[in-house]
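Heads up, there are several structures right after this.
There are two complexes below, and they share chain A, which is joined by chain B in the first and by chain C in the second.
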Partner chain A sequence: MQALTDEERAVYEWQMWTRDFGEAGQQALKNTTALVSRVGGLGGPVCLELAAAGIGRLIIAHGGNLKPSDLNRQILMSHEHLGTPRIEQAKARLLALNPRLEVSAVASNISKENVDRLVGEAGIVFDCAPLFEERFLLNRACVTQRKPMIDCAMFSMEGQVTTIVPGETPCLQCIYPEIPPGWKREFPVFGAVSCAAACYGVMEGIKHLSGMGASLKGQMLYFDMRNMTSYRLPLQRRPDCPICSQLWKVSPP
Partner chain B sequence: MQVTMRYFGQLRHLAGRDEDTIHLETGVTALSAIRAAMAPYGEAAALIVMDASGALRPSLMVLINDAPIDKETPPTLQSGDIITLLCAISGG
Partner chain C sequence: MKIFINGESRECAAQSSVLDILQSLGINPKTVVVQRNEDIVDRESFGSTLLIDGDALELVRFVGGG
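Right, the complex of A and B next:
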């Protein structure tokens, strides 16, 4: 495991003062590779906060060019780069914040073709995709490879976050066994709401990696910023889940 | 009797409110209560909640007093119950 440099100690000093985190927690972040699916309204702030916190390596995957309607929430982007690939802007912005960071930029979305390889390179996965097809691909690969996955979601003024640890918690398809009918690719969104869901997700990841605090394993945090309410909802595994039930036969809950 | 139906996700958007208070006959099941609650909110809400046969969808999470229920055998409700309906969202 790589030790912290003097420069890193200086940059991360204030967060290392956090109870139960310290230099050991910082070192755990430095030695972790995180895969983030998409760098948009959710994935962008996830990447930014992971970079700021000192994650060692980020794998980011997002295809396509920046559109005007992205700019209300995709905070890694800039107006001057409209029409150019999002992934290049994201990488440049992340390295400007943290030049010690290693960034592997994949100029396509998560797909059947790349998901197993990308999850295989990561120690933790942040699911921030707008489409359930992508989310289910990540979930399956994480379960198969026993990788933790932080699931972040948002809609309108609401957000949902949970931490999935294969063999310990329900997987995403225990929670949602089917692609929900009526979900549309375009949806109401404020950048501050997606950013809030992203920040909750990042802290779940940091806690999982460092062993600090109590996580959302087996629970979903739901919040509504319209009225500033939040709930922690218990999640149940499905004994007949086609994705993860095999794991439970090996290590029962 | 009276129960509270609480909506999360797209249902909250479609209903235009966080929750409804529903007045029901004693002995009604959660399924009947949910059908009654969805009636004013049109086809879009019904599509999220129920399949073509009228059964609760797998992608809908249903909790009664913060405990998940088995949707294949929806329990009988008690006065004062809070039924939470959470539909899947993804965002991005």
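Right, the complex of A and C next:
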């Protein structure tokens, strides 16, 4: 495991003061590769906070060019780059914040063709995709490869976050057995709501990697910013889950 | 009888099932997780799970925005 440099100690000093995190936690972040699916309203702030916190390497995957309707929430982007690839803007912004970061930019979304390889390169996965097809692909690959996945999602004023550890917790398809009918690619979104879900997700990842605090393993944090309520919902695995039930036969809960 | 849905009280007919409540709210049962008094209700049991006075339901909609 690579040790911290003096420069890194200077940058991360204030967060290393956090109880139960310290230099060991910082070193764990430095030596981790995180895969983030998409760099939009949710994945953008996930990447930004992971970069700020000192993650060692980010693999970011997002296809397409920046559109005007992205700019209310995609905070890695800038107005002057409308019409140009999102992924290049994301990479440049992240490296401007943290030049020690290694960024592997994939100019396409998570797909059947790339999911196994990209998950294989990562120590932890942040699922921030707006489509269930993409979320399910990541979930399946994480379960198969036994990689932890932080699942972050939002809609309108609501957000949801859970930490999935294959073999220990229910997987995404235990929670959502099928693609919810009527889910559309375009949905109401405030940037501050997706950013809140992102920040909860990042802290779940940092806690998982450093062993600090109590995580959302097996629980879903749900919040509604319309009336500022939140609660934790216990999640149950489905014994007949087509994705993860095999794991439970090997290692029962 | 009186039940609580996401913390708010609501009147409903005696012998109402979870499915009855979802239908009265216009919610597709395939799009929510239902928790009754802190236990998750199996989706297959929505119709046969009858509520009693004072039950607390938490309804969490599936969302996938990114």
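As a working rule, the second predicted complex is superposed on the first by the 253 of 253 C-alpha atoms of A that agree within 3 Å, B and C clash if a C-alpha of one lies under 4 Å from a C-alpha of the other, contacts with A are read in each partner's own complex, and residues count from 1 in each chain.
Convention: a residue touches a chain if its C-beta (ideal position, glycine included) is under 8 Å from a C-beta of that chain, and two chains touch if they have at least 3 such contacts.
Keep in mind that this is a model prediction, so the values were computed, not measured.
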*Once the shared chain is lined up, is A:233 touching chain B (first), chain C (second), both, or neither of them?*
both
*First (chain B), second (chain C), both or neither: which does A:158 touch?*
both
*Can A:129 be said to touch chain B (first), chain C (second), both, or neither?*
both
*Regarding the shared-chain residue A:181, is it in contact with chain B (first), chain C (second), both, or neither?*
both
*Can you list the residues of chain A that touch chain B in one structure and chain C in the other?*
38, 40-43, 128-132, 135, 152-155, 158-160, 175-178, 180-183, 187, 189, 194, 220, 222, 229, 231, 233-236
_Show me the residue ranges of chain A that touch chain C in the complex, using the header's touch definition._
37-38, 40-43, 128-132, 135, 152-155, 158-160, 175-178, 180-183, 187, 189, 194, 220, 222, 229, 231, 233-236
*Which residues of chain B touch chain A in their complex?*
8-10, 12-13, 18, 44, 47-48, 57-61, 63, 66-68, 84, 86-92
*Sites on chain A touched by chain B in the complex*: 38, 40-43, 128-132, 135, 152-156, 158-160, 175-183, 187-189, 194, 197, 220, 222, 224, 227, 229, 231, 233-236
*In their shared complex, at which residues does chain C touch chain A?*
6-7, 28, 30-31, 33, 35, 38, 40, 43, 58, 60-66
